[in-house]
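Two complexes are shown next, each including chain A; its partner changes from chain B in the first to chain C in the second.
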Partner chain A sequence: MPTDFATGLRCRVCGKLYPKGPTNFCTDDFGPLEVDYDYDAIRANISRDKIARRPKSMWRYGELLPVAGVPSVGPQVGGTPLIRADRLADALGVERLWIKNDAVNFPTLSFKDRVVSVALSKAREFGMRTVGCASTGNLANSVAAQAAQAGLETFILVPADLERAKIFGTAVYGAKVIGCTGTYDEVNRLCTQIALKYGWGFVNVNLRPFYAEGSKTMGYEIAEDLGWRFPQHVVCPMAGGALIGKIHKAFTELTRVGLVDQPVTTKMWGAQAAGCNPISDCVKSGRERHKPVRKPTTICKSLAIGDPADGYFAAKLMRDTGGWAEDVTDEEIVDGMLLLARTEGVFAETAGGTTVSVLRKLLEQGRIPRNEEIVICITGNGLKTQDAVFEAIEEPAVIKPTLAEFEALSGSLTAEPVLA
Partner chain B sequence: MPTDFATGLRCRVCGKLYPKGPTNFCTDDFGPLEVDYDYDAIRANISRDKIARRPKSMWRYGELLPVAGVPSVGPQVGGTPLIRADRLADALGVERLWIKNDAVNFPTLSFKDRVVSVALSKAREFGMRTVGCASTGNLANSVAAQAAQAGLETFILVPADLERAKIFGTAVYGAKVIGCTGTYDEVNRLCTQIALKYGWGFVNVNLRPFYAEGSKTMGYEIAEDLGWRFPQHVVCPMAGGALIGKIHKAFTELTRVGLVDQPVTTKMWGAQAAGCNPISDCVKSGRERHKPVRKPTTICKSLAIGDPADGYFAAKLMRDTGGWAEDVTDEEIVDGMLLLARTEGVFAETAGGTTVSVLRKLLEQGRIPRNEEIVICITGNGLKTQDAVFEAIEEPAVIKPTLAEFEALSGSLTAEPVLA
Partner chain C sequence: MAIKVQVPTPMREAAGGNAEVAVAGATVKDALADLVRQYPALGSKLFDGGKVRPYVNIFVNDEDVRYLDDLDTKVTDGVVVALIPAVAGG
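And now, the complex of A and B:
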């Protein structure tokens, strides 16, 4: 199994290097920390053959992740399908389209399983026995499930007014779920205080630098499944704005360590909901930094982060690579979910509908050429956001179980018999 | 890609061989038909190395499936994790326990994706353009999703009084859902009539022999992931009773074609709900044939088939291998779901809770020795049957986002700080 080639945590603002520990910001300038690697050593130690012989999980790229040896949490996460989406391509009028489908990720059906398995593996390495996060959705599900499997105690902080149905998919794993009054910022500050005082691991606070690296594996898998090459376009949903950057970082690293013999020319495109679009608004308005959205109003809760931590980096990346961002209405989000389900049999959560409809919009605007190769990232499962499309589904007709009644009904619905 | 080594369809009663077509019963004695293979040719053509070089999906065992070349539907189905379940093992007091986790199967999160991909690949081979099934649950989800991806028209017949929420996960894929009054038998007869008259493919009617073969891949994957060997015990949920038989058939075939150098001595154990237990009752009462259950009453809808088609074969198999069957109450089913989620981070549907609690019962009865190796089959995802456990989850406590309030609450919940 792979060695840990991470050399430390580097400040993304001033470049100062810190030791690998449970910390997430530079004490000089409060810049965010990112894992730094010895890429020359990785280049000397990694090969396509080595990777091909390992199990099909996100950990087959272990040299490029900040964990030594066999990960202690989530060894089977990742390895999700990259699907050639010819029927969706036809519907959208493009030639070559792929879906990276994390709606079937193990164990909790979202890309968050990738980041959480890295964060919790590090938590155990640091000797932590209690972990947590502040989240209402996919992140909470994944922390609760993987912590349960690892035998870690778990605290999940959620807004006080969150419906019980949303808490369910987290509480079922035995996590201690605590409702908090106050704003998102206040709850995050509480997480930081708890993490500092007790030495607990909050996956997106003091474990954040490690956590964020897990997202890169979506990029590695896309490139490997395309035959160790990059697509011309990647369309990615944006909440905090980290995923889009990590996929691009993954491509850059693959070139740097010699696994792909091709410069990275992929254009990165970001998708948001119109009801919470700080990053796409930033790109479209030409501002360098985003304006926070005070009151998100969209059915796409999983992308509704009003003040995204990586908004600046995401906007810069899209501009630098020649991509762009767009946002779509709730109605377009539902349309996107149904189009994806009905052409490709993939039932994605609202973020997936957002991504499909943003792609359609970018095609209509002529920003993405219809004859180039596109990958869209589906990051979560539609069973988690059923309410959003429930009204769009009709009541079925009812018949007696006779051929005559069936034919009377289906005649209005279907074409001629194909074999008689 | 693999050749099709299926030689025809053989009657399980009289042994008569029929050509490979869309038919499911012997015209002489109405016995069920099963796919027959040229095992000698398979033995000469298959090897562990060949399989290892193929993608990690159920189709890597293509020589043992009745489809030639690349399957046209569901090429990425299967390859789900086999998880070493040490924490659940500790809770149950056993030494070596594994979970075969089809709750994360692609695309619709149940083992039905396996059978449907075989059935619909054959439907396309037979030139069918319309497919369907009678189902209320996992099967309907999978037919609708995979048919959408394949561009096939789909009819799904459901009971007239089924709640809209249950129809949702099928209708979202664009399937034509039709409510039928009448009994299960009447609806199945209608499916047969439609299939005969229009030449449509009903996956569990005229495509049933092919469909059923897909289940074998769960067995192949278990054996391969254990290092090409068999466990001593497999515990499997039973609805129609086919899956348990197909897993055992898979093991037998692996020995026959030389992929496993070990006789099959695995004991097969079946799990049902007490509210619909025709097969387990048959085994426990010593009857040769099951007594149909007229009115199933259990939260475990996916196993509630009162008159299981393969009941006779399943009961005989359990007796012949030295296994047994048990059934558990709704309360035990919920306990099983929570135990599985809280020890292994796997949120299974009610059938999974049934399987876990039946294993516990069989251990308590001393039927399965605690020091032998056990695999349990998890066949579907808990997000589909949330109602069943909803009441077992408590409302969270609510605090202001301050360290003082957090400590006051968590002090009652947690142990000492681990790092201070």
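And now, the complex of A and C:
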């Protein structure tokens, strides 16, 4: 039963320490707050054996998460497969490639289940009855589902032009869904104002420091499944820019608490859509801070955050680790989705197509050596963004159910007959 | 009528407990200078070395000033300037 080793919330700008509570920024400089831990105590309490004996969920790394004991929300989240992707590797011309597949995360088929499980466990601990979020879709799905499980009242604010499957997949759980005209950034600002005024638990606002920690578990799982070591390269989609940083933070923590006995030399690579590329533009142009994109235009709505709050940290991380960022067109995004589905049987959402095509681009540019170990992060399920690939999929041929018509059609097909 | 600056909850103590402060000026820069003149304790929260801190977002009538003329954005009587902490994505 893991103890809560979090000591407080620390400002990422000035380092000031705050007590654990539903707050997300420093009152001196408005810098973002991040959970701080007693790593020496964690080191003395954690071991590979102890972790191996626990169920395969994200909570097997409970000492490194800011919740005490069994989490009250989402105890089964995480523990998704790390797939050795040899057919995709062949198609891309690389030797060793893995897919971290959060398209099959429980319960709502995206990595957001990880962050929401932590955020809502804390919301209950803080005695909140009402929770909510601003969302591009996946977060909304997860907050709605897990809040239903926790018996919390839920308000979800989304851009009104979101994919229908994502709006439906939120409302079905009984959440109050409010579509707002405008961009994600405008919706997010409204949530900040509501959170400041009403004190509800907004998972990506006043619960954010706790929420963000859930992302680390993708990194722990990658390292454990590789045999407690790190890959040479991780390619990660970027929306707000937090996930890529948290995966790297997970690696450094594993070294710090003694679970991995090698230094972190992993290069971090970020993927965005060309129609909303503030972070990759920041990296490529050498700017220190990103320039916000006012009106994102891409089919990849889950990455369409024009003003990513972690943009600065993400860009710095990629530069510091020797990585880089790229962005791809909508057409390349669809190509990436189809390539992944047809080589590995993984139907990822548009963000996954973005990640695959960005990897291809980075390989073509010679930035990632083809003989080194690469992990790509798939963060959401393609069933939610089917609209994006409808036009690219051939309609099935229609015949009468007779052998003659089938054979007439299959004359042009290539399958080997079983019987002579 | 004057220009109104909306102060977020965590800054209100430094603004004499006010949620809204009336200021004068022709640009956002002037308006914020007047705000800091009235409530000097806000100065270090909003600015660092003369520049607005990166995690403070400024809106003029609900439009982010980074899409306008930033601190040189013109303001007139009746305009609402909102100070909102930058927030992270979903």
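Just so it is clear, the second predicted complex is superposed on the first by the 389 of 420 C-alpha atoms of A that agree within 3 Å, B and C clash if a C-alpha of one lies under 4 Å from a C-alpha of the other, contacts with A are read in each partner's own complex, and residues count from 1 in each chain.
Following the convention adopted for this analysis, contacts are C-beta pairs under 8 Å (C-beta built on N, C-alpha and C of every residue); 3 or more make two chains touch, one makes a residue touch a chain.
Being a predicted model, the structure only gives us computed values, none of them experimental.
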Answer with first, second, both or neither: which of chain B and chain C does A:320 touch in the superposed model?
neither
Return first, second, both or neither, reflecting whether A:95 touches chain B, chain C, both chains, or no partner chain.
neither
Touching A:189, do we find chain B (first), chain C (second), both, or neither?
both
Which partner chains sit in contact with A:204 here, chain B, chain C, both or neither? Use first/second/both/neither.
second
Contact-wise, after the overlay, does A:173 reach chain B, chain C, both or neither (first, second, both, neither)?
first
Under the stated touch criterion, name the partner, chain B or chain C, that contacts more residues in chain A.
B
Where does A:56 make contact in the superposed view: on chain B (first), on chain C (second), on both, or on neither?
first
Quick one: classify A:387 as touching chain B (first), chain C (second), both or neither.
neither
Please report the chain A residues shared by its interface with chain B and its interface with chain C.
189, 193, 197
Using the touch definition from the top, list the residues of chain B that touch chain A in their complex.
55-56, 76, 79-81, 83, 87, 101, 104-109, 127-130, 144-149, 151, 153, 155, 157-158, 160, 164-165, 167-169, 171-174, 176-182, 186-187, 189-190, 193-194, 197-200, 337-338, 341-347, 381-384, 386, 389-390, 393-403, 406, 409-410, 413-415, 417-420
Can you name the residues of chain C that touch chain A in the complex?
8-11, 44-45, 48, 53-57, 59, 64, 66-67, 84-90
Touching residues (chain side chain A, partner chain C) in the complex:
13, 24-25, 27-32, 112, 133-136, 138-140, 184-185, 188-189, 191-193, 196-197, 204-205, 208, 212, 239-242, 289, 292, 294, 305, 307-310, 312
